Structure formats: C-alpha cells, structure tokens
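These are the structures, in structure tokens.
Next come two complexes built around subunit A: one with subunit B, the other with subunit C.
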Partner chain A sequence: MTWAALVHVVISGLATGSIYALMAISLVIIYNATRTLNFAQGEMLMVSTFVGWTALQVLDVPLVGALLVAVVASALLGFVLERVVIRHAISATHFDVLIITLGLSLMLRSAAGVAWTHDEFPFPSFFGNRPLVVGPVRVAPVSLGIIGASLALMLALGALFRWTRLGRAMRAVAQNQRAARLMGISVERVYSSSWVIASVVGAVAGVLIAPVIFLSSKMGLVAINGFTAAVLGGFGSMPGAVLGGMLLGVLENLAPLYLPASIKHSVPFLTMITILIVRPGGVLGRVARRKV
Partner chain B sequence: MRHAALATGAAVVVGWPWAAPRYFVFLASLIAINAIVAIGLNLLSGYTNQLSFGHAGFLAIGAYAAAILTIRAPALPVPAALLLAGLVTAAVGLALGVPCLRLEGLYLAMATLAFGFVVVEAILNLDWLTRGNDGLRVPAARLGPWTLATDTARYYLVVTVAALLIVAAVNITRTRTGRALLAIRESEIAAQASGINLAAYKTLAFVVSAFYTGVAGGLFALVVGFLSPDSFDVFLSVDFVAMIIVGGLGSILGSVVGAALITTLNDSLAGFQNYRPLIFGAILIASMLFMPGGIARALGTIVRPARAAAPPEPPRQGEDR
Partner chain C sequence: MISRASFVLLLALALSALPAAAQQGVSDTEIVIGGSNSFSGPLAFTGDQITKFGVDLYFRVVNDAGGIHGRKVRTVYYDDGYRPQDAVANTKKLVEQDRVFAIIIPQGSPPVVATLDYLEENKVPMLFPYQSSPVTRGKRWVLQGMTLSDRSSKMMIDYLAGQRKIKRFAALYQDDEYGKSFLTAFEKDLARFGLKLAAAESVKRGVTDVSAQVAKLQAAKPEVTFLVLVPGPGAQALKERQKIGWTDTIMVSTGPLTDERYLALAGDAAEGVEGLSLWPDPVTSDLPGVKLYREHMLRYHPNNEVNRYSIAGYFAAMLFTEGAKRAGRNLTRESLMTALESIKGYASGILPPITIGPDHETQKQGFWVRVEKGHFKPMTDWLKSE
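Our next item is the complex of A and B:
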C-alpha cells in the first residue's frame, strides 16, 4: 500500500471521525449537565435532518436555508423533549432516564418512518465531488469540508464554554450541581440549554453526514459510534470526545485494510469493549473516585 | 388466598393446550421462554443493579449451542442439551462478567450493548458452524423414546423448565445470596462494609443471569425451529429490558407478568410494524414516569396498601453526585 493511498484513507477516516466527535460532544454536553446518557441523540439528529430536507424539497430553500431549518427544528425538539419528558424524571436514577431516552429513540424513529417512510434519500452536499489532487495524493472535498466545518463548530463550542456566562454555568453544574445552585446558577436553565446546544450540534452533524451515508430513518445509528468515541476519550471530557471520535474514525477505516473486511462493522464495539476493560476511564479520562 | 391463586394459575397453565387454539399454545411457549429471560435479567439488573442491554446475545448463544448440539448429537436427551446450552452461556457470562466488574451504570450498559452486536457479528462470521445468514434449521428434540414434534409437547417442556427456574429464582432471592444482591443494589459501599464480597456476588449474578438466558435460548431454538442472526438484534435486548421495567425491577412475579404483557403486545402489533416501536416507546416512557417499580409495585399498593409489600425502591439519585 502506497503512502498516498494511506493518506487518503486517514483523511476520510478523520472526516467520519469528525462526525463521531460531534455526536460524542453532544452526548457529553447532556451527560455533563444531567448525568444521563441520551439514547435518543441519533434519532434527534435524524429527525432534524429530515426536517431540513423537507424544507429543501417543499419550500425550495437553498442548502444553507435547509441547514438553518434543521438547526432551529432540532433546538425546538431538544427544548420540548427536555421540558416535557426529561424534566419530570429529574430526581430519577440514571437507569430510569436511560430507559426514557431509549423509549424516545424508539418513538422518534418510528414516527420518522411514518412521516418520511423508511427509504433512503440522497441529500445534497455543500462540497463538490471532484477529488482534489495534490501531487500523488487524492482527497475528496467532502472529507476536507466535513473536517473543516466540524473543527469550526468545535472551536465555537470551546469558546462558548470558556468565555460566556452560560458556558461557565454549564461547567459549574458539571462539577458540582449543589454548589452551582448555591452560587445562584439556575440548574434547570442549564439543563434546558444543554439539551438545546446538544441538539443543534447533532443537527449540524446530520446535515454534514447525510450526503455521505444517505438520509434515512436508520441514520441515527451513527450515535452508537458517538457513544464509543465518547467512551474512548473518557466520558465527560470534551477534548477526549474529539480525540476519541477522530481515533475511532481512522481505526474504522484502517482496520479493513489489515483485517478481514467483515470486521469493519464490529470495530466500534470491539474497540469499546477493549477500552472499557483495559482503561475504563478512557484514554484521557480518570476514573472518578466517589466519596461516601 | 395465596394457595388458591397458585392452584388456579397452575390449572390454567396445565389446561391451556386443550382450551386454546394451536397458535396460542405456541405464543404461551414464547411467553414462558421470555419469562425465563426476564427473570435472569431481573436477577442481574433488578436485584443487583447491573444494567444489561446485551441479553439478546446470551439468548443467541444458548439457542445456537442447543441447536448445534441437537444437530451434531441427535441422541442427546433434551434436558442435557438445555443444561449444556445454559452452561455454555454461563461460561460466556463469566468471561464477560469478570472484566465488567470494573464498570458500572452507563459504562456497563454500553459494554453489554456492544457485546450484543459482537455476538450477532460472530454468528454471521462463523458460518461453518452457524450457517451465517442462511439460518439454521433445528431438528425436533428427543426425550427418551418420544420426539417433541407438536406445539403441545414443546409447550409442556417449556412450561416445566420455566416452573423449575421460577421456583429456583424465588429461592435464590430468599437466601443469603439474594439478600447480598439486594444489598449491592442499595449501596455497593454499604454492602462491602457489611462484609459482602462485591466481586464474587456480581460475577455470580452475571453467571446465573447468563445461565437462565442460555436455557431460555435452548428452548427458543426448539420451539421456533429456525435460527437466524437477525432474530437476536439489539431490539430484542430492549424488549427484555422493557419486560422487567414494565413488570417491576426486583420482582420475580413482575418479570413473568412483564414478559407476558410485552410478548402479547409484540404479537398483537405484528400487523402494524410501522407503529410498533412508537407504541412500545410510549409504554416504556409512561411506565417510567407514572409507574416506577412496574406492575409488581402497582399491584402491591392496590392489594396491600398498608404494609410495605413491594420490594424496596431502587436507590434514588439526588442532587449530590
């Protein structure tokens, strides 16, 4: 295998990895606020991408308009779901909330199937198809575009967490909810904003990935790789989520070159089991010590 | 009262094949099989608070083990095949349970979910043994001089095994072991401080749970007669979790009721494939929001409101974390 082909594989791996990273980030945002895993994250991404696609078809808006529609729809969906369903289980165990989000994911997927059928639809891309040729290396513009857009979004999120009042409040709640409340932070508002921000990140990831994997009610399954990415990097850590996503994307693209091709679908799961057994806190994470 | 209820139940179960049409005999067998899985899962998730989203994987291992045994060794009597299927699955449970000791809550849920996917991929790839996507036809089981070829014969086999396993589970939960598992659920740290060997009991819960599910898998292979990897997808694991949620975490009776409800529901919604997950999800959410503790606790509060009849609540997670 030539190094040029290797570069190509790694770059497309980084592109899928960016999407996994975005999924992982949105899972981690919700986890940090409410300490629950949102099983419905992938389905929320799928529904908002479908809404954007409908705007594209029915209203004939440009692609940027579709992205905006998808983002607004997902923000609304995240807000409503948190407010109507999750908030009622605020004092419940992880297990309970996990089951609730699981129920949500089943409902959303089924509802999407009823509204848009279970077929696959092509989705237009922001980026062209003609490969960029740099010397012997050929790179798909889609890959570069996805990487660039994801990095931009990650930087924006980083800035939000670091420098805004809301970001500080979210970090405080992640560290210690009671202390944050005593400092006058509205924990409920942080819950709400976390769901909204996570949904928006999901919608952007959905619009970016839909041209590559097609738009379908099944595309929410990409969230499973997001889980793996988040676990890989240490659940709860943002830089870990990014690193985990990129690592997983590259691994998944490299594995079929050296191992039997049928292994590709098992890569995320085998990686996850291995990481959990060898280093349960993830590559960057620490295992939290609990005080009694 | 209690004895009367038990006797009526037993009479209905024994008389069922004469009263009901053939298809409902088959359905009742499925319910009994799912009840075994639900009890196994409840011993792990409800009693010991170790979530598992991978029980479809255990079921698949038990089913394929029993099927392959029946094909390769046709002379093997059914109880031996089922026992072996259970033991093979328990061994896998041990192999999965020991590394999973380091994990809790969310991580355990994800690891078991991944396990379920890996089992399906493994079945697809080991096609010299499992025939992969083509599926595996299971020959009729033999018990001494008889061949269990009718739905009724298989129903009695399933119900007998289920009854034995239910009695065993009830006894487990009443012993020192059962109390240790409950103590682990309430607080691992407190349990450890009381001298309970966490690692040993958690592993035990995993192994017993896998054994139950493996035996159920063997019965599933015999009753359904045809195995293919796509019958063991992640949604089946979700069904099992739904059974113990709706029925009641930490309740053997709840597991049986939950299995009966979810299996019947699945069957009656078979014609509405598109709406099935919608209704299913709504039921999951509603039972979590309005009926935590499941049907078992809801019944307990109706029948015996004054006494603390229902099993203790799982620990609530408050503000401090």
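Our next item is the complex of A and C:
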C-alpha cells in the first residue's frame, strides 16, 4: 500500500465521517433539548432527500433547487412530527418517546416504499467523481466537497448556538429545563426549533451522501453510524459528535487496510467499547456525577 | 373441556371429511402456489419485480386464457425482508395454513437455505429459487432456478483464462453465502489453469465506503476484478475505481449482478465493465419470448419498466405452467415433479432450449456482455457450463 493510496482512503473516510458527524449532531440537538433519542432521524433524512429528488425529476429544478426543496420539506416534516406526534407525549417517559420515534421510522420507510418503491436511484452530485491529481496523490472532488460543505454547516450551527437568542435558549434548556422555563424561555418553542434544525441538518446530509450511497428507502440506515459517532464523542457534546463522526469514518476505512477480513467490520464497535471503558463519557463527554 | 377420547373422535371425523385423493392446493377450479420473498429490506425491489410483475404477470395471461386444464392459478406471498427466520415462519404458514401446492421463486441464499429441510421433509416442491448457491443441488423436491455459482464461475474462468488468456484475477465479494460460494468456485476453477486469486476483499451489506477494499485490490494489480455484490455496493465499487483513476483492470460482474439497474446507478463509471449475463436483454432482445413478455408487461403494467428480475419471475411461471400442463388434469406434487423432470429441449423463446432432467437445474448457461454507451452489448453466444 503506497502512502498516496493511504491519503485517498483517509480523505474518503473523512468524507463519510462528515456525514456521520452531521447525523450525530442532529441526534444531539434533539437529545439536548428534549432528552430523547430520535430513531426516525435517518428516515427523515431519506424522505426529504426523496422529496428533493422528486422536485428534480418532476419540476426539472437545478440541484440547488432540489437541495432547497429537501431542506424546506425536511423542516416541515420535523415541525409537523414534533407538533402532531411527539408533543402529545411530552409527559411520557423518554423510553415511550423513543419507541414512538422507532415506530415513526418504520412508518416513514414503508411510506417511502409505497411512494417511490424500494428501488435504488442515482442522485446527481454537486461535486465531480473524477480525481484531482496532486503529485502522486489522487483526491476525488466529491470527498473534498462533502467535507467542506459539512464543515461549513457545522460552523453555521456553532454560530447559531453561540450568538443567537434561539441558540442561547436551546443551550439553557439543555442545561436545566426548569430553570430555563422560570427565566421565561418557551421550552415548547425550543422543542419545536430543535426538531426543525435537526431535520434541516439531516436534509443537507442526505443530499450530500445520496450520490455516494444512492437514494433508496434504506439509506436512512446511515443514521446508525450517527448514533455510534455521538456515543464515541460523548453523547450531548457537539464538538464530540464531530470528532466521533470523523474518527468513525476514518477507522472504518483503515481497518480493512490493515486487519484480516474476519474482524475488520467489528473495529468501530471495538473502538467504541474501548473508549467507553477508558472514558465512560466518550472522548469529549462528561460523566454526570450524582451527589448523594 | 374435551376429553381425550372425544378429541381423537373429532380428529378422525375431521380427517375423514377430507376427500381421499385430493392434492393440497389443487381444487377443481384453482391451483394455489406461493412463496416467501423480499418485499422489504435490501432485496425488496427484486422481490416485488420477480413476483408481482413477473410470476403474476404470466399467470394473469394464463388465467385469462382459461387457466391450466381448467384451473386458475392463484398466488400468495409473504415478506421475509431477507431474514431466514421470517422465511421459515412464512413458509410454514404457506404450507400449513394457506395450504399451497408448491413454493415458487423464493429469493436469496440465506432465506432459501433456511427453508430447504422443511420443504424436503414435507415433500413440497420448491420451484426455481432465485439464488445462486449450490446448496440447493441434489434435493428431491427442489428444482433450481438461477444458474448456480459454480456453473457461472466455470463459464467465466473458461472464457477469461482459457479464451482470453488472462492470468491475474482478484475479487470484491459480499460477505455472505452468495459471495463466498462464488469465491470458492473461482478458486477451484482458477486452479484448473494453475492460477489463483491475487487478492480477495469482502464488503459488508449496507457499506458506506469501499475505498479501502478497492485500494487493496488495486495494489495487487489484477487484470480482471470480479464483482460479487448486489447493485448498490457494485455501483459504489465502480465509482470508487473512477475516483482513483484505476483504469488497468477489467471489472467483471457475476450473473446476479449483471443488470440494467446497476448500470443506471453507476452512470458513466460503468463504461467498459464486462459481465456474465443470465438473461437476454429485456429491452432490446428480438427473441419471440422476450417480445411477448414486453407485450404482456405493456398490457397489464404499462408503467412498470421491463427488467431482468421480472423476466426471471415470468420465466419461472412459464416453466411451472409447462410442468402442470404436462402433468395433466390429475395434478399432484409427484406428477408435477415427474412432468418437470421430463422436460427436454423446451423452447421458451427466452433462454436456449431447456432440459431439466435428474440434476434438477433449469438454467445452466450465460453469455458474455460488455457495457458500451450505457448498455450491455453481447460479446459471445451462450457459453456452456457442462
């Protein structure tokens, strides 16, 4: 294996890692606001990408238009699901809500099968597939594009949480819901916003990854890696989600290079278990200590 | 509370109420057959196409023309989502509750393997399973459908190593029964030429990135790289090759993969790819049976595009119909199997003349294709695997 090939494999891993990171971020956004896991995250990504694709096919809009349609559709879907389904379970246990989202994911996948069949479809990409040659190294624009676009979105989210009123409100609710409510923050609005923002992040991730793994009713399974990434980085931490995603993407690619076939597929999980033993809160997470 | 004696009595009554010689699933007016298939999960599209748009399409034509010896054919399917345990439950339900006559075109090696013993024990015919592992060979009640992996491998290696004198081979395969059965066969056939695989890399189902595997294969410098994958990862591998500008290898797809759907996914990265095709081109072939299949699809499902999956199901129903016709009005599982085993040189208009015989294999052939301007162009006539 030449080092040039290694560079390509690592960059390719960072590209898929960026998508895992975006999935992890959208899970963490909802988790921080509502303390529940959204198992339907992947299927929401899938449905919004399909809607964008339909706009591409039917209305013949350019790819940017399809991205916008996907983003708007996703925001709407997130908003409606939260208001119509999740909000009613506001007083239910986290476990109940988790089961509800699991049910939603199955429903969305079946509905997508009815609407668009379970076939796989090619999806156009913003970035080319043919390599750029830099000395001995070959890099695919599609990998660089995914990494760049994801980083830009992450920075935008960072700015949103740091500098906007809504972002501050969301951080406050994440820290202490009751105190936030006493300070006059509408917790319901934060719930709603967190679902909408997480859905939008998912839609962008969907449009970025669909050219690589193809558009299909099962593409939502990519969210499973988002869970792993979020745990790896420390569940609840945004920088942790980014780090966890990138780490997972690169590990997944390096393992088949150096390890025998029989164990390579389990490497991401072995790593996760090891990290959780050494640092139970994840790489950047904190362990909540309960005072007695 | 029913006492044991009255229970036995009831049972005896129930049994005696059945007509003596009736065959399960066959009435005066109807033949019921069915199968467990993928209507969700990774092979959902294929499952939908082979059953509802393939098998059922042909039976609609048969039923509209009066049925088989006056009996209409009805089909029942259940979804196993490619899960062996669901396939077993579905198959038991089909046999014991729906009381089907036979199982038709179940899909995927793991689900099919899981139901083999049950069907053998209960003497229920398993007709034309849509999978390529040789585990179905040598069973009394199974008639294999798709060309088996060892036959495919023999045709591929004989053609590449024998006719085209290629020496260095590698393989990218799916990490399951489908991939491994091909890998074993490749190694055996290459050994006949004093060759072996220079590299073999596995891919897990639902993989997001195959760059590492492709980089390792490239480092082994093979002249030919076999793809033993399903359409998604197959197309991903082709795009990955384009990403790293790897041009000095011929990518060759195996029979189950060589289909238009996978070309469509890979786009221009599929140009120059070769493969073994098990079916004539469903869109352009002038064979009489393929033309008729297109006409029927247009009549009953005008919005469903023709493809190699639905034609496989259509063909399975055609063979069943031929067997049931030969078995005559007194249709039993035995008479059906005997009739199908007697098929010699049957001209379907789709595949070369079919002879089934005691080896229970219906398809044994394939031909070489190459992708030119987004379409498979035939490169050889039908190759032989015997």
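As a working rule, the second predicted complex is superposed on the first by the 270 of 292 C-alpha atoms of A that agree within 3 Å, B and C clash if a C-alpha of one lies under 4 Å from a C-alpha of the other, contacts with A are read in each partner's own complex, and residues count from 1 in each chain.
Note that in this section contacts are C-beta pairs under 8 Å (C-beta built on N, C-alpha and C of every residue); 3 or more make two chains touch, one makes a residue touch a chain.
Worth saying up front: this structure is predicted, and the values here are computed from it rather than measured.
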**OP:** Would you sort A:P122 into first (subunit B), second (subunit C), both or neither based on which partner it touches?
**Re:** second
Original post:
A:A172 contacts which: subunit B (first), subunit C (second), both, neither?
Top reply: neither
**OP:** Please work out whether A:H265 is in contact with subunit B alone, subunit C alone, both, or neither, and reply first, second, both or neither.
**Re:** both
Original post:
Is A:I277 in contact with subunit B, with subunit C, with both, or with neither (first, second, both, neither)?
Top reply: first
Original post:
Should A:L254 be classified as contacting the first partner (subunit B), the second (subunit C), both, or neither?
Top reply: second
**OP:** Using the touch definition from the top, say if A:K218 reaches subunit B (first), subunit C (second), both or neither.
**Re:** second
**OP:** Figure out whether A:L98 sits in contact with subunit B (first) or subunit C (second), or with both, or with neither.
**Re:** first
Original post:
Which partner does A:G113 reach: the first (subunit B), the second (subunit C), both, or neither?
Top reply: both
Subject >> Touching both subunit B and subunit C, residues of subunit A >> reply: 109-110, 113, 265
Original post:
Of all residues in subunit C, which touch subunit A in the complex?
Top reply: 39-42, 44-45, 48, 175, 201-202, 204, 206, 208-209, 211-213, 215-216, 218-219, 231-232, 235-236, 239, 242-245, 261, 264-267, 269
Original post:
How about subunit A: which of its residues touch subunit B in the complex?
Top reply: 35, 37, 85, 88-89, 91-96, 98-100, 102-111, 113-114, 177-178, 181, 224, 227-228, 231, 235, 260, 262, 265-266, 268-270, 272-273, 276-277, 280, 290, 292
Original post:
Where on subunit A is subunit C touching in the complex?
Top reply: 1-2, 5-6, 8-9, 12-13, 15-16, 19, 109-110, 113, 117-122, 129-131, 133, 138, 140, 142-143, 209, 212-214, 216-218, 221-222, 225, 249, 252-257, 261, 265
**OP:** State the interface residues of subunit B toward subunit A in the complex, per the touch definition above.
**Re:** 45, 49, 51, 99, 102-103, 105-107, 109-111, 113-115, 117-118, 121, 124-125, 189, 238, 241, 245, 274-278, 280-285, 288-289, 292, 314-321
